[in-house]
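Presented sequentially are two complexes of chain A, the first with chain B as partner and the second with chain C.
Now for the complex of A and B:
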């Protein structure tokens, strides 16, 4: 069944405000994939410093018309759910689903680099995922190693800085070593920061922060009565970035829960639950989620003026 | 004599030629003009057709969304009137605790909150955790409990009875101070306990686990069951700082503003929750 989705506020704001209508980008969902109707040949792109430049018809490099550069989120978090279901729908082994998921991730990284998002955090493997069949877990660990090795050169060219958070003691030694190498190699990159959460959970993060604080109380650096939210915040593993709190969380496959991801950090994060399975999550879905983020009225306990 | 007329004839010819030339030129000008007019008309016609097509497309999309809204309204009415059998009886065995997050500004409309809670009580929800950032609902606790009549705060509820057998709905009131601040207090509690043990000669590595953190939160009064379902009433699709420790596997549904809350929408969300299967990451 085909359902038509059109950002009506885009129509109201952009189309009827002037006499010459231009086709807004329409999203037509067929099954799990979205396809965008052709946009204008030429679009105006507002650069990061507030300058406006005209660009050519290379759609990939341009921020889509319906997105406002000044309202782009700084930090996007993603729960990449649905690889297994994607594979089962196609009568393929689960590993094929995970491989397809990697492709979706690399596409998303490209878009984040091009559209000026500063931090992308992805939930690759949770502490609960260790309970999965050993074969699947081993395949996933091998996949992480393979992808980190294969993609490192490309990510260096894109100036991406990689950070890996989670309980690394449980990871295979080779992956632990690779994790350190990758973080060292990319530590001076100043583009997108890609945070990969492996063997991670929100509760684990809070507990390890408390352990770090206890060590400090043992050493007399801090007293138990001086433990505040700010103290805990500094010890969380997301302290590896200047923007630890995601502005937008996207979860694919239609599930509507956080599943023990960044529990502490998501207090004021816009939650976008997308029906597409992760390997099918593409540019159109991402634009949808960003549009929703930009259009919603966001307040952090303040009042409307 | 002819030669005498020749100049006249030639002149006449010349004059006629000029006349023809002028006429031709005039015809050419006219032709150009006509072409210009035709081109302009054609161009305007194309523009008009484009506008028409665009407006038709917009009309089609607007009609589609209008139809969708009507369908939703109709469904909510049918659910509210009890005509849809699937929504009449809900299996709430998996809904041990339902949380409601309300925008603090909307939380001041206590009557709406009471109405929502009475709907939940009527369908058999046994434990509700009410949250707003600023603690407006906490301040209205006595009024809400009095108006509901059959609800009890957790401290006086009969914890011994199975939750499905409880006669009264347990009503918790939480705010931002029970969230991150609560975790900080629990961390402080755990640290103090550890240091006490260390100072009394117990030489041990600090082993903090998630169950210990849960116990510490309970000890300082910030405990409570993890909600199975969280309904967010407000403009922003976020949980506004609900105690994060309790949200691991909670289904989160954004319901829109409290002032436009609908019984049918609430029932639909709860029914959808009852059909969800979770594998908890494994």
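Now for the complex of A and C:
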């Protein structure tokens, strides 16, 4: 059927929650200040494990003025969409787009480490992506191996703990082995936890949790009627972190859908749809998304008091 | 430009609906305005029908209380206005050819609210279910089938019985299916699906075990239960979610500007187009709905091409 192609992107109205990232130097900062709480140059922000720690002056400077330290999300999830389009716009092969995407990811990891975010989950490869052309899939698998090897030392210095979630049985043997090595090497790190979702989907996560649960019901460990939300949560692959539920999900490239990512865990997550393609996603876009997040009221089904 | 047009159309609608105490001339003018409004709406729907119309739209009906607060209305008035808005939206979906509509009426988390507010919502639900089942209501005029999804055991007996009655009496309707999520959260729905799947697997495993025992006793042969019988698959879970017979939503619309799913249809919206409107739910009109559908039509080719990220 014919699709209507209207120049909707030129319309400026407040209807859309299409999140339009603006350069950090422009209106967003001023506008947000008028709606946001007064900017306090706190020297206090949340450290790890829920404690409040005193920051040094240098750490204070790292957090932009627009952001309130006490309202920073603990867990940020990202759908890194747009690598292919970025490459096509520049008449480059898709692999160049994925490589540029890796640079954007390392920059984001750096920012998360500096700004005290506890967990960063990135959607690197979904179960549906196995349907892509074999060449692209092979290139992506090689890229994952290469990046994990190249970045491991830097991530160790940054005290990043790496966890890889997803159906690892489908991954190449070398990547499976590397995954185990990387997780073992970084398991004692106490800084940012980087969760990389490879060969993962939200529905796969729930099905694999159910397989574990049904084994327990078969063995009589648990009765079907005793299955609760907590029981399922324990079996999900995000049980590798203390903060399994993202506070903020960012999807780049303007697409407004979840695409089978972290289904259960996104129940109350604030969603931000950013128009930038993933390789172009930078500090300014991230600050804008965090500003937007900090102004939202999260009620979890209740009422404002 | 579009803000101005929406304002004009909303004013036309309100003018056409006013009950004037003036003379015949004023009534004639109001009828004329109503006719023009209706024609413009039909033209708009004709334009929309050039592109793909979504088969299933889901709504998170947020903003009723804020609507009442901004207009200084009494308690419960916001939710009543929200119900009127639901009827308008249903009418609009029927005219556009949308087959399935799902709405998030009351979450399990909403039981945490003030007991008076919860009770008033339950009373409103009873009243409106009764209204919908009357002969002259939109449900019978347009052949709307009503489903209630959720943990209905959490509802009081009168509300639960009214819901069951509505489902039974509208079961034969086939034009539009309205699914109302009450005492619902998606995680609760998934827990229910897991429980039912486990019970089903255990029951089948027991049957196989009994059959194997018979074989061993009768023929002295050995059989081993298949491990696959205990394994749960995606299809097993999908058979047990509340909306098993209904296709997944094509669009999920949340009103009042909040950008989150609030534990609604997490399983079913994996590839759904999400859209947030700043307007409050009682302010939703066919124009807003059409606007979202235009966006959906623009995004659909890419969604279909790249269903996997």
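Everything below uses one rule, namely that the second predicted complex is superposed on the first by the 245 of 305 C-alpha atoms of A that agree within 3 Å, B and C clash if a C-alpha of one lies under 4 Å from a C-alpha of the other, contacts with A are read in each partner's own complex, and residues count from 1 in each chain.
What we mean here is this: contacts are C-beta pairs under 8 Å (C-beta built on N, C-alpha and C of every residue); 3 or more make two chains touch, one makes a residue touch a chain.
Since the model is a prediction, treat every value here as computed from it, not as a measurement.
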- Task: Report for A:260: first if it touches chain B alone, second if chain C alone, otherwise both or neither.
- Result: both
- Of the partners chain B and chain C, which touch A:296 in the superposed model: first, second, both, neither? both
- Should A:79 be classified as contacting the first partner (chain B), the second (chain C), both, or neither? second
- After lining up the shared chain so the two structures overlap, which partner does A:138 touch, if you call chain B first and chain C second: first, second, both or neither? neither
- Task: Classify the contacts of A:206 with the two partner chains as first (chain B alone), second (chain C alone), both, or neither.
- Result: both
- Message: Let me check the overlay on chain A: which residues of chain A are in contact with chain B and also with chain C?
- Response: 4, 6, 8, 11, 15, 126, 128-129, 131-132, 201-203, 206-207, 210-211, 213-215, 217-218, 224-225, 227-229, 232, 255-260, 263-264, 266-273, 296, 298, 301, 303
- Contact set on chain A toward chain B in their complex: 4, 6, 8, 11, 15, 21, 23, 26, 126-129, 131-132, 201-204, 206-207, 209-211, 213-215, 217-218, 224-225, 227-229, 231-232, 255-260, 263-264, 266-273, 292, 296-299, 301, 303
- Message: Looking at the complex, which residues from chain A come into contact with chain C?
- Response: 1-6, 8, 11, 13-17, 79, 81, 123, 126, 128-129, 131-132, 201-203, 206-207, 210-211, 213-215, 217-218, 224-225, 227-229, 232, 255-260, 263-264, 266-273, 296, 298, 300-303
- Message: Using the touch definition from the top, list the residues of chain B that touch chain A in their complex.
- Response: 50-51, 54-55, 58, 61-62, 64-65, 103-105, 133-134, 179-181, 183-184, 187-192, 194-195, 198, 206, 208-210, 213, 235-242, 244-245, 247-254, 276, 278, 280-282
- chain C - residues contacting chain A, complex: 1-3, 47, 50-52, 65, 107-110, 112-114, 117, 185-188, 190-191, 194-199, 201-202, 205, 230-234, 237, 257-263, 266-267, 269-279, 288, 291, 294-295, 297-303, 307-309
